[in-house]
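For reference, chains read A, B and C in written order, and residue numbers begin at 1 within each chain.
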Amino acid sequence: MSNQDKSDKSDKIAVTSTGGSMDAILSEQFGRCQYFLIVDPGTMKFEAFSNLGEQMQSGAGPKAAELIISKGAKVLITGHVGDKAAEVLNKGGIKIIDGYKGTIKIKDAVQLYLSK
Amino acid sequence: MGKDYKQIVILSGKGGTGKTTFSGAFASLINKKIVIDCDVDAANLHLILKPKIINRYDFSGGKKALIDNFNCQQCGLCESICRFDAIHNYEIDQLSCEGCGFCVRICPYNAIKFGSSQSGHLFECVLEDESKFYYAKLFPGEGNSGKLVSEIKRKALENISGEIKWVIVDGPPGIGCPVNASIAGADYVVIVTEPTVSGIHDLKRLLQLLNTFKIKAGVIINKNDLNKSISDQIYEYAEIHNIPVIGTIPYNTDFVKALINGANIVESNNKVREEISDILIGLEQEVNKTINY
Amino acid sequence: MIISIASGKGGTGKTTVAASLASIIPESVYLDCDVEEPNGHLLLKPEFNSEERVEKNLPEINRDKCTFCGKCLEVCEFNALINLGSEIILFEEMCHSCGACVHFCPSKIITEISKEIGIIRKGIADGNVLFVDGVLNIGEVSVPPLIKEVKKNIVESKLNIIDSPPGTSCSMLEAVRESDFCILVTESTPFGLNDLKLAVDVLKTIKVPFGVVINKYAKSFIQMEKYLFNNGIEVLLKIEFDRRFAEAYSEGILPLNKYPELKAGFIELHQKIMKKMEIEKIG
């Protein structure tokens, strides 16, 4: 719980995405999603990164977690995170918001999170 | 916001206990499902379910190193550093190579190439009731089935419709890497065992593994009357470890007869159909219990 | 000489066949390479007299001297190393112990430590059978390295019987390669036949001669006979489907010790293989 309590709504948010824009649909896959969007909730500006993990033979989840940590995000919005990736995210102090469905747009997913 | 379906993985530890027969029976009795055969080394579920293949995907295995004879200066450095004993006489045995890339990086003459090889096929199918079914087939001697297991599950779950309530996974035997891959994301594991000394031995090893994953599990004892005393031991062991026995089925040659005729046991035998339906009701209760804790 | 016993499908009676052969061949060596589920000891009941640890190497990074240059991460094809920014962590079970990170670290601050992956047990069964098995630690994925260690106990001057893991993956391959002959155990069901075909493909690829034992034999399953006949594969032994054999097995008793008619079949099986091997040598 300690990590989660520290985060606040101004922290950068990483979202797993099927495309490189805020109108793209969220990806339920974490390690093997197509893109990561890193969103600044204050300005709603974002940076998109394509995920090399899509083709990795092993360890795609932990590598994706490593990328998100290196980009300075503190929150992750996604569908499902594997055990190993979760371990890395926890160690990196990232708050995981999972269970999102692949039917929602990135901007709506971020709004939904911020409104809670 | 959680997912709407429950994922059940059927495992056995030891082979030949009836794992695939039960997976097939569950698949036939449950609606609004998708079915995944993760027993990649010896996929059999399609023989019972008789699916129609609608898509075939190539599955690329891990990378392998290959020496380019033209550039190779026969210095032998690669052979000396390979931990997998895969390089002899300036040639790399593709079956021994684990794809670590050490030789590729260390070769002073850039004479070693590194590439993915195709290692099998993944099939997307539909069943008679329009449900989706996924299975895979590896080329002879290809390993790396842990990766393939993850890939089949990913393919099966990536576009899952919101109407799906159950995901039924026929898992691989053993307790190794493919088993780990098959239970990722599972809500419940069903272990099909038999009352034999090896059955209980492998059940114990499998439960130890599940313990490290913290996934709830239940046991089905197949051929229950084959050995009363070992069956009792399984009950005792399960109780000590807080794992319910969710069903027992007596030794019954009808199972083999149904198999030989290529029939699904629950479609050809009413008595067995009732027995397995009862087990399913108990299973559903157990699964829902785990969700509401 | 090495005879391996394999089967595409699990539960066909592979271990029963392997253990039965070991028990009728005096001075043989039985090696259980089914390290995920080693069951041979339950049937052969050896008296164990030694146990040794099998280890794999893992990298250990000297944290105080690490500059986070990222070279080790770059050379790890298995993504076993992860950079948290303040620390590099290792996923032990993903490490293949290739040694690349150790070699390429520019500061030379990665060393190797060993970690147990399983044990090898040795003993004597039936008075004169040398028994060896490998037991993989729970949760460990390094199966082929442990099989390699078990196979180091092969005694060249004796007849070695290898109980292979089921399936047709890298572990099965590791167990059966270099065998002089392989017995494929199958059963009279579509599952048995389907998996037999896969195993046959593997053995053809690695060029190990083989024959088939049909366990739980049922005459009515003619597809099996058809396949074997059409592909010129020899059936070395058929064992009838019999509940009594299953009951004996369930108690951990080798069925041939209770039912002498089975013993004759296994003696014949042994002779057939020896004869085939002789022909192979001459041819």
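The rule is short, and it goes like this: a residue touches a chain if its C-beta (ideal position, glycine included) is under 8 Å from a C-beta of that chain, and two chains touch if they have at least 3 such contacts.
Note that the structure is a prediction, hence the values are computed from the model and not measured.
Based on mean C-alpha positions, which chain is nearest the centroid of every protein C-alpha shown?
Smallest offset from the overall C-alpha mean is found for B.
Comparing A-B against B-C, which pair counts more contacting C-beta pairs?
Per the contact counts, B-C leads.
Distance from the CA centroid of chain A to that of chain C, rounded to the nearest Å?
Inter-chain centre distance comes to 42 Å.
I'd like to verify one number: the distance from the centre of chain B to the centre of chain C, where each centre is the average of its C-alpha atoms, in whole angstrom.
Computed value for the inter-centroid distance: 19 Å.
Just the number, please: Cα centre separation of chain A and chain B in whole Å.
Computed value for the inter-centroid distance: 29 Å.
Enumerate the residues of chain C that touch no fewer than two other chains.
77-78 - these are the residues of chain C that touch more than one other chain.
Give the residues of chain A touching no fewer than two other chains, as numbers and ranges.
In chain A, 57-58 touch at least two other chains.
Please output the residue numbers of chain B that touch at least 2 other chains, ranges allowed.
Residues 63, 99, 144.
For a test of understanding, state which residues of chain A touch chain B in their complex under the given definition.
28-29, 32, 57-58, 79-80, 82-83, 99-103
Show which residues of chain B lie in contact with chain C when the two form their complex.
12-17, 20, 40-44, 47, 63, 81, 83-84, 95, 98-102, 105-106, 138, 140-146, 172-178, 180, 194-199, 201-202, 205, 208-209, 212, 223, 226-227, 230, 251, 253, 256, 259-260, 262
In their shared complex, at which residues does chain B touch chain A?
1-3, 61-63, 99, 144, 147, 154, 157-159, 162, 184-185, 213
Note which residues of chain A are touching chain C in the complex, please.
Interface residues on chain A, with respect to chain C: 56-60, 62-63, 65-66, 69-70, 84, 88, 91-92.
Per the contact definition, I'd like the list of chain C residues that touch chain B in the complex.
8-12, 15, 36-37, 39, 42, 75, 77-78, 96-100, 103-104, 136, 138-139, 141, 143, 165-173, 177, 187-191, 194-195, 198, 201-202, 204-206, 216, 218, 220-221, 241, 243, 246-247, 249-252
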